[in-house]
């Protein structure tokens, strides 16, 4: 199958269950909401070595938020609700409560699972806290040096999906990076999804385990490494390909990740010099969620 | 004492020792270096609840880096060398090695303490790694999907200083935030320092311990909270002040933090509506480093 | 009438007919599309002293453009079709054709008035030009140093509306500027409109003519100048107001400007410290288009 | 001659005299100074079709400006002092006076040629203007809706140099664009110079006159157009080159342009895939200023 003249391999991306909490940060301006969101979602690429996977999902106009201010939705992901609650408390408490002009709203108010993160953060007020309502949400008011910080009483979480993915093969690194950047931008328009790696892009797609250094859980996937394609037996890198970027997608449900994968691939193949799109899986052994690339178009 | 008509209180900022590691990230462009730096320094405001304090120190032009590419210096800070080494390995491995087009150089090559972080990261190559030299630096070459990732053999660390600070009192929140933003920008021009909070600014300056909720190590400093100034006995907030932002500065030595404090305050008092500058201390009981505000001018 | 506790004056904005051409710039990435758009729409605040009024209308995702690349819609406005055609040729030729990776599509393909700007620009190819079709559009292919520049055969224009406006009164300059910034961001989500002034904001709202310097067509409206409110007879500036920003809106039709005015005002009044919203008119003598503020809510 | 393995052709860039005025814009923050600078320097790539060439020279920290606020230096260039004065008045009056929070200072206070632009702009105040002194500069105070706009009495200009240049040949468009971006960033660190084209980059380097369409003053230089290299006799494009970008540099004197050319080329050749650097001249017939590439290293 070809899209814009680029081969889409007949394979599937394999994804797995994860727990996701989603919150809405509002602030004095879109820029200050972004500052808080970047701090809160940093050190959040992969649960292999980060305490959480995290990313910006989408911006909300002033007309779309409970307090009428510009906002941004972010997601935090870990494998269990216990670790997720810890991360929520720490990241909201250390990176958003501390940031200029922010407020925090529940981004999954209808979820069954609700953490009482707001109710815990109010203790920072040391007895001066109060309650109010904003747009029908129960908010805790925490007097601080800059003024009042408002946080919703509970923050919701769901069992969702991590590890949606696809790979972009290109002629040069800069061509492939441009395609990856556009893919991430296109995914940014799809509600419910995040791309947790730096700038949304993975430069170092890995295989599970190791050939040589068995003490590692994940190592470089040498069959997809262009600089050693002539030295590695069974290299998957064609002669005219010199770079591969992977896009990893987490999201609230199957449909949003499927849509994100489609939009990302469409944007990538529009870049001249892109040679092939494929996806990563473990032969079906890892996750229950399979995204067949050919079914997306 | 007054500066540009603004009262500078006769007090001092009290700071304390911390361990700092400093690295140089280079990338294909300044923008991609920044993407990696933001991911690596996120979730890094305060060691009270973050695994490290971290921030961007300064940008380096292409002419100032070992590989002739644009770069950015970042700092990681924790209380001990052991936790610092762990954070280095995780943040470089998960947030920079994974980011598009980056390389990592030692930002403190002359420090006595050197971690073999690069030597450990090479294991990700699973036997395909090699060594090279760039600008006199010993580098490990790790083949990856995007091409080769280069990381210097060791990354240095020193005992340095955290907790330099000053407070900006202003008439409205937006006025005070503008002064804080300009202070952070001015500090950005001082080598050796970072401002680890979101956007460099602390919205929630705290006191040690608590009056009511004794299970907390730090709570809002109610005497500096404008929204409750009429309810709190002994409030330090004047009638014409409605917002306070704190700037926290970590740095490699006393001189750089002193200079940063001076430059930050000068930029802040240039904003109309700023009423007073002061600083935070624990009466001298906490740290050995004292920055007398009046000595800076 | 009050909105979020802020007085909305019972008055109207008076707007007038103008000619608008609208084009779609696509580029390798959203960022490069923006670079071209900023250059092409610069020196374009007011036809009083600029050769055109110009601005960015909205971004288009890769899925929404004829060539599948990220894009941005911009508008150019002058009083006559002749000057508009000149501005189109010069601004597209000097600021977009010259910019990295761009292509130009007709943003008003259904308009009756069509300029043959693309057909003229092909002469730059000096005989090496050719034709192609992209997404059903007739395109001229102009070989250049970077590769091929594509521009659609014709670019459309319509008689539209300039001078939609409202005024934001606030307690301090920084508060009012924040409200203005948010208003401009909110208007950015309304299709068909631009805010041509720097950052979308007018710092220097004027009156027609002059009291003293009669050789000027427009001068500062002293009754709305906070710094001289105590010296000017009949000042319209209340005691608690120290800054006024005006937002000027051009757009393709009445409905889009009305919606933009509504969304802008809603975003502005959400900022604490905003005291009043009003609008500018000439008593109905200038333009046929009247936007009654009270009718918008 | 080779630099980082890239051929530097033995040729020279030919440049010519131009008039340059240089001003310093300060604002509430660096971001708002940039907003005004972008508006004022837009529609300013080439005097072939723009009313002026214009660009951002460099940023100034709060400690480096007369009013202690963040600032940015910009340059305007035209062929004569008369047109330059007109452009100054229009661009400062329409794009900076109208922009939020700005002030304008003379960027060439020691130049012999001084325009009384500030003295003329004060008429906008319609009789409410006054005078003050800031950092030893004579300033006109113009009450406006946002507060007071300050502009220095005179703005200086000099006879300087336009048309410094070099060409970057690369394997793909994205590779070459990255090198061009880095070249522009590196030039940004050299005082006294601007790169007036969009993002500092020329996608459409031209030859004087035309082969076929004689009514044009400049047309595409077909010998440097990669997409037609196989059809054009005497093409200068090697087989492995698919993109060429030109960087054009204006500056206050020969030394600054020479330094900018050197720094730009050094940054460009650090990008893998760059094949050759050359420069444009007219055989010495055009300008008195010659920048021999080999003399720069």
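As written, the chains take the letters A, B, C and D, and residue 1 is the first residue of each chain.
In this section, a contact is a pair of C-beta atoms (placed from the backbone, for glycine too) under 8 Å apart; a residue touches a chain by one contact, two chains touch by 3 or more.
This is a predicted model, so every value here is computed, not measured.
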{"item": "Proportion of interface numbers common to chain A and chain B (over half same, under half different)", "value": "same"}
{"item": "Most distant chain from chain D by Cα centroid", "value": "A"}
{"item": "Intercentroid distance (Cα basis), chain B paired with chain A, Å", "value": "25"}
{"item": "Euclidean distance of C-alpha centroids - chain A vs chain C, Å", "value": "34"}
{"item": "Residue list for chain C, restricted to those that touch at least two other chains", "value": "28, 173-174, 177-178, 271"}
{"item": "Touch list for chain B against partner chain D, complex", "value": "4, 28-30, 61-63, 67-70, 178, 181-182, 185-186, 189, 263, 266-267, 269-271"}
{"item": "Residues of chain B defined as touching chain A within the complex", "value": "28, 32, 35-36, 38-46, 48-51, 90-91, 93-102, 123-128, 142-149, 167, 173-174, 176-177, 180, 197-199, 201-206, 210-213, 215-216, 219-222, 224-228, 231-232, 242-246"}
{"item": "Residues of chain C that touch chain B when the two form their complex", "value": "171-175, 177-178, 271-273"}
